[in-house]
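Two complexes, one shared chain (chain A), two partners (chain B, chain C).
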Partner chain A sequence: MSLSVRPILSALMRNRTGAVLVAMQVAIALAVLVNALYIVVQRIEKMQRPLGIDVDNIFVVQASGFTDRYDQTSSMREDIDYLRSLPGVVAASPSNGIPLSGSGSATTLTAHPGVHSTDGFNYYEVDEQGLDALGVRLVAGRNFRHGDIEPSRAKNDASSFVSNVILSRATALRLFGQDDPLGKAVYDDLGQSATVVGIVDPVIGAWVGDRHPDWVMFMSRLPSGRYGAVRYLVRTRPGARDAAMQQAESHLSRSNPDRVITFVRTLNYFRDLSYLGDRSMGIYLLTVTLLMVAVTCLGIFALATFNVTTRTRQIGTRRAVGARRADIVQYFLVENGLITTAGVVGGCALALATGYWLSIQYELPRLNLYFLVGGVLLLWGIGQLAALQPARRAATVPPSVATRNV
Partner chain B sequence: MQASLLGYYSHLALRSFRRNPGLTALMVLAIAFGVAVCIMTLTVYHAMSGNPIWWKNDRLYTVTMDSWDPNSGFTRGNAETHLPPPLMTYRDATTVLHAGLAERTVVMFESSGVISGTGGPPLRTDTRFTTGDFFPMFDVPFLYGSGWSRSADDPPQPVVVLSRSMNERLFAGANSVGRTLRWNDHEFRVVGVLDYWFPRPLFYDVTEGSFAPPEDLFIPFAWGRALDLRSAGNVDCWKAEPLDTSEQFFNSECVWLQTWVELPDRASRERMQAFLDNYWAEQRRGGRFGRPRDNRLTNVGQWLRDQQVVDNDNRVLVGLAFAFLLVCLINTVGLLLAKFLSAAAITGVRRALGASRRQVFMQHLTEVALIAGTGSALGLGLGALGLAAVHHMYAAAHLGRPGGYQELMHFDRTGVLWAIALAILATLAAGLYPAWRVGRLPPAVYLKSQ
Partner chain C sequence: MLKMQDVSKVYRTDLIETYALREFSLEVSAGEFVAITGPSGSGKTTFLNVAGLLENFETGSYRIDGTDVRGLSDDQRSRLRNERIGFIFQSFNLIPDLNIYDNVDVPLRYRRLSTRERHERIGSALDLVGLSSRMKHMPSQLSGGQQQRVAIARAIAGDPAFLLADEPTGNLDSLMARQVMELLEQINELGTTILLVTHDPELARRAQRNVHLVDGQISDFRTYEPRAAPDAGLAHA
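Presenting the complex of A and B:
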C-alpha cells in the first residue's frame, strides 16, 4: 500500500474551511484541557496534603460567657472534665483556634531576640491533651505536662509569652534550619522567650489558603477567650463521635446559665467549608473541559462524515481502480491525522501562551510540560477514534458507485 | 425583509431541520451547552463584581493610611499586598472622626456578643459597633424606627438597631422600637429595625468573607471602648509593643477599624486629603508613619478591586466559559457549512428560479437564527438548572449559615439578558460565513450535476 501524504494534503487544501475549523477547535480544546487539568491537579494536591490531624473523629464546641457571674477558668475546667468523661472520648483540650477553619491567631516568631521578621506563625493555645485532641504525631522531644500549662492571659496582660512551646517541623525548619531545635529558645516580637520542648509533624493551622499553612506552634497555656468565646477540641474513638457530640450539646447547653453553647460541630464541617471553593472549582473545570473535548470530537466526527458523504463517487472510483478497503480507511485517517496534528501544534502554542498568561496574571505556577505532552497524545488519540467510524463507513462504498449516475 | 418572507424562510428552515434531524440536534445542543456554561459563570461573576452602592461611587470613600512597619509592607497570608493596611488604628480612625471634615463619617468594627432578656434562649450574634452615620451613609432601608443621631454616638447611648431577620427571631417581627434587650448582659433599647438589606459584596468590610450577610445588630461605636471590647474581625499588629492594658491597645499601631467618609464634591475631597497628609506629616515628626506617604481615599469600585473581591478562580472560569462557547460556535460553523453545502443543489434551484443572493443569504441566516435561538433557550434552562445545583451544593455545605457565597448562585434577569445577547452573538458568529458562502455559489454548477 502506498502511504502518500501529498495527494491527501492537496485535496485538503482545495477544500480547507472545514479542516481549518476543526483544527481550531482542537487547538482551543488542547489549550483548555492542559491548563484546566493542571489547575485541577494542583487543587487536588492542596486538598490531599497531609494534615496530621485525625479530622474524622474530632468535633469542636464553642462556648460564650455573657454575664458578670461567668467565670471562665472554672467554667472551662468543668466543661473539659465533662467532655473527657464522655464515653468514647480519647482526649479534649481548650483551644483558641480551630484547625482548617479560617479562625485562629498568628504571631511573629524568631530564633534570636530583636531580629526583624514578618513571618506569621499560627498558634494554638492548648493544655496537656492538646496534641492528643488533634491526633498530631510528636516526632521529637516531649508533650506538654500538666504542670506546664499556664493560666489564661488576663485582660491586663495581653502580651505575655509562655515558657514552653511545641513547634511543627516546618516552623522549626524556618527558624533553625537543620539545627536541632529541641531545648532552643524562640522569641516573640517583644523579645520574650519560650523553650522548644517538642516537634510535631505533619500538622496544619487554621488557614488552608496561607502560603505556609504548616507554620504552626503550640503554646502551653489555656486560651484567653478574649473575643467572648472559648473552643474545645474533642477527639473520640472511631464511631463514637456523633453520640458524644449529642451528649455534649444537650448537657453543656444546660449546665451553665451564664454562657451559651454557640455551636457543636464536626471538624469535617470546617474542613469541607475551607476546601469548598477548591472542590467546586475542580468539578467545574473538569466538567467544562470534558464537554469541550466531547464537542471537539463531534466536530471531527461530523467533518469526517461530511467528507465521506461528499466523496462517495471518488471513493468508488478509487476502489474501482484497485484501492483496497484498508487504503480507504487509511486515507481518511491520515487526512484526519493531518488536521488534528495541525490543531495540536497550534494548540501547543496556545496552551503555553495561556499557561504563561495565567501564571503572570494569577500567580499560578508555570505549566508543567508533561501535561502538554499528555494532552497532545490524548487529543490526537481520541481525534483518530472519532474519525474511525466514518472512515470505516467509507470503506464500505462499493466500487460500482463510480459507474452510476454519470 | 417582509414578514411573509420571514415566515417562508422559517418554513424552509424547518424542512431543512427535518432533512438532518441528528445534525440539527447536535448544533442546538452545542450552542445550548456553550450558552449554559457562559450564563452560569457570568451570573456568579456579575454578582461578585457588582458595586452594591454604585450610585454613591463618587461620594463614598474608605480611608486608609500606610501606618505599617517601616521595614516591610502590609502582608496577608504571608504574602505582601502592596497596599496600605485595609484597616486603621484607633488613633488615626478617631482623628478622622473627630475632625468632622466629611459630610458623614463612619468608624466601626465587628464584634460578637450574646443577646438575652427577650424571652428566648440566649443567642450569640455578630454585632457591628459603628457611628450612627452608617445608616444614612450606606442608604440602609428601615422597616421600623431609624438609626441614632450623632448625639447618641458620644457619649454612647444604650441604643441598638436590629436586622429584619433578628427582629423576627427576637420579637416575632413586631415593631420592636422602644423595647429592650441585653447584649452581654448590658441593656440596650431598640431604636430601629432594618428592612431586608444584603449588599453583595459586603463592601464596607471585606476582611471576613466578602459575601457574608451584614451583621444582625448595630450598636454605637463608642460602646466598644466603654465595654473594652475587641474586634472579632481582623486585628493586625506589626510593632513590638506591649498590649497589656486597654489603654495600650487603643494607642497601639494595631489596625482593626473600618473608616468611611462621605465627601460630596471635589473640594471636600481635597480638603480631606490635605487633612490626612497634614496629620501624617505631624505624626511623622512625632516618630510615627515610617513608611513613604500613602494616605488614600478609595471609592467603592476601586476598593473592591484593590481587595480582590472577585477571586482569580472566577476570572479563570469566565475565560473558560468563553473558550468553551467559542469551540461550540466554531463547531456549529463547521456543521452549518457542511449542511448548507450538501443541500447546495436545492439552493441552486432556488437561485435559478430567481432568488437573489441576498434572499438566499437571509434564508440561511433565518435557519441559523432558529438554531441559535432554540439552543440559547435550552442553554438558559440548563444554566438555571446548573446554578440551582451549585446553589444546593453550597447551601448544603454552609449548614445553618444563611447567606454567603451560595447567594451568588441565584439565577436572575441578568441570566436572561445574557442568553439573548449570546443567542444573537451565536447567530452572527456561526451563521454569517456559511450563509454568505452558500449565497455565493454559482447556481449552474449544482444544476449541472442533476
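Presenting the complex of A and C:
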C-alpha cells in the first residue's frame, strides 16, 4: 500500500474537528441503526410467527341480544345451524373470544390443586367444531365430541369448571413439562378440575402482545355471552369466505328481531388491527433509521467534499510528484475509512450500552451481536460509498494545478 | 535527456485560441543548468508543465531519455514524473498537515520503496539541504527559505534525472533566494540537470544557458561561462 495509514492519520489529527464530528455522527447512527433494526426484526418475527389458525379463510360474527325476549341458547343454536349450512363453510362454532383480536378471556391454571399460580392462560369456550372452525391442528388425543359440550355458564358464575379441555402444546409444557398431559387433570383457581383430552399445536390466543400468546386452552362449553354478545367463528373453503360472509350478514341481520349483528368481519381484519402497532412502529423506526443513516452519509460526503475542495493544490502537488489517480482515490478513502472506523468503534460501545438500557427499561431481549457486526459492516460500507464520489472527483484534479499561483 | 521538437500547446475557449507554446524546440543534455526566462504570458509555466508531464501538448514530439511521452497513459506519466522528474514550486507546495520528514516522504511512498530505503533517502536529502535536525517540524514552523529547501529535498530525494524549478526564489527575500540558488547550483554540480523558470535576469545569468521565450517561442539563446564554485558551505536560514 503506497499510502500507509500513519501520515494520513497524523494529518487527520491536525484537523480533527470535522472528523470528530462526523465520527460521532457515525457512532450515533450505528447505535440507532443496530438497535432499531433489532427491534424491527423482533416485530417482524412476532408478526410472522406461526399462528396455527387458518386466518385467511375465517370470518367472525358477533351478535348481541337487546330485548327481554332474546333467548341466547336457542338463538345461538339457530345461528350456528344456519352458518354451518352455508355453501363453502367447513366448520362453525360459538366462541367467547376471537383469536388475534385483543378480546378474549383468561384464567389461571395449575397441574396440582391448591397450588397458587399467576400464570394466565387464554381460553376459548367452543363446541365440537371449535378446533375445525379455527383450522387448528390436533397433535395428540382427541377433539371434543358433541356429548362433551356443556351448556353456557350462567352470567357472572365462576363456580364451575368444565369436564374436558384441550391444551396448546405450550400450555401443556408449562403445566406438565415433558410428562404426557393426556388424561391428566388441570385445576382452575377454585381448585376445580378438568381432564386434558387433546393437544393442539401451534395456536395463538387473543392477545398478540402477551409474553406467552400461545398459552391457550379450549374448553368444551358454549360461551356464556357475557355482556350480551355471542361470537361465531366460521371457517370456509379457500375462496368461499367473502360470499359466505355476505350471506351470513344478510340473513342473520334479519332472522331474529331480538338481537343485532354487531359486526361480521374477517379474522384478517383483527390480525391486521392487532399488529398495526408493530407494523407502524417498524415503519417508523425504519424511516427514522434510514433518515439518520442518510444524514450520516451526507455528513461523510460533505466532509470529504470539503477536504477535496480545500486541498486542490495539495492534490495537484501529489499528482505532480507521482501520485496516480488511484493513489488519490485511495488517500481519501483511507482517510474516510479512519474516520468511519473511529465512529463505528465508538458506535459499538454506544449500541451495546443503548441495547442494555432498552433491555432493562422495556424488557427487550439483549442486543444480538450479529446485528452489531452487520451494522458495523453496513455503515462502514455505506460510509466508504459516500466518500467515493468526492474521492473520484479529487482524482480528476490535474497535476498542473501544482504550478498555478492563485 | 530532454528533447522537444516543434511542440505546440494551445488553450482554446469558444472565441479564441491562444498558443502558449508555438513550434517550440529545445534540447537539454544531462547535467545542464538551463534558465527559462521571458515576460509574463510568454509560455514559461506552460513549458514547465509540458516538460514536467503535468500537461499534454497538441503537436510536436517530446522525448525524455529517448522515451516518446506522447503515447503514455496517465499512470505511465505519473510514474515517469515520480522517477525521473523533481519539481520545485514557487509557493513550495508543502503539505501543511505533514511534518518535514513526511513531506519529503510523499513522492517516495508513491514509488513504493521500502521503509528503510525511504528513510535513508529522506535523511540524505534533508542533510543536503541542511534541515536534518528539523525532521519533526511542521512547515509552518519554518521560514520561507527553509520551506523551499524542504521542497528541494522532496524533489531530489527520489534521485530524479532532472529538476524543474518554477520561480523557486519568487517568494523569498534576496538572502534566502541566494541560498536557494546556491543549493540548486550545488545539486547541479552533483550531476542533476536543472531547468529553472525565472523572471530574474541575475538568477538566469547563473545558469549555463538562458532560453528566452516570447509568445510561446524562443526568441533568444544565450550561453554563459561556467560559474565559479560557490563559496564554501551553504548558509542556513
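By definition in this document, the second predicted complex is superposed on the first by the 400 of 406 C-alpha atoms of A that agree within 3 Å, B and C clash if a C-alpha of one lies under 4 Å from a C-alpha of the other, contacts with A are read in each partner's own complex, and residues count from 1 in each chain.
Just so it is clear, a contact is a pair of C-beta atoms (placed from the backbone, for glycine too) under 8 Å apart; a residue touches a chain by one contact, two chains touch by 3 or more.
Every value quoted in this text rests on a predicted model; they were computed, and no experiment measured them.
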item	value
Which of chain B and chain C A:Thr396 touches, first, second, both or neither	neither
Dominant contact partner of chain A by residue count, chain C or chain B	B
Touching partner for A:Gly209 - first (chain B), second (chain C), both, neither	first
Which superposed partner A:Ser64 touches (first chain B, second chain C, both, neither)	first
Touched partner set for A:Asp327, first chain B, second chain C, both or neither	second
Partner chain(s) touched by A:Gln246 [first = chain B, second = chain C, both, neither]	neither
Which of chain B and chain C A:Ala11 touches, first, second, both or neither	second
Partner chain(s) touched by A:Ser74 [first = chain B, second = chain C, both, neither]	neither
Partner chain in contact with A:Ser163 - chain B first, chain C second, else both or neither	neither
Doubly contacted chain A residues - partners chain C and chain B	none
Touching residues on chain B, where the partner in the complex is chain A	23, 26, 30, 33, 37, 69, 71-72, 75, 77-79, 111-114, 116, 121-124, 184-185, 228, 230, 232, 238-246, 249, 311-313, 315-317, 320-321, 323-324, 326-328, 330-331, 333-335, 337-338, 341-342, 390, 393-394, 397-399, 405, 437
In the complex with chain B, residue positions of chain A that touch it	17-18, 21-22, 24-25, 28-29, 31-32, 36, 39, 64, 66-68, 116, 118-120, 155-160, 189-191, 207, 209-212, 215, 226-229, 259-260, 262, 269, 272-273, 276-277, 280-281, 284-285, 288-289, 291-292, 295-296, 298-299, 302-303, 306, 309-310, 358, 361-363
Residues on chain C engaged by chain A in the complex (per definition of touch)	45, 48-49, 52-55, 74-75, 78-79, 81-83, 87, 89-91, 93, 95, 97-99, 102, 105-107, 109-112, 154, 158, 166
Residues on chain A engaged by chain C in the complex (per definition of touch)	2-4, 7, 10-12, 14-15, 313-314, 317-327, 398-400, 402-403, 405
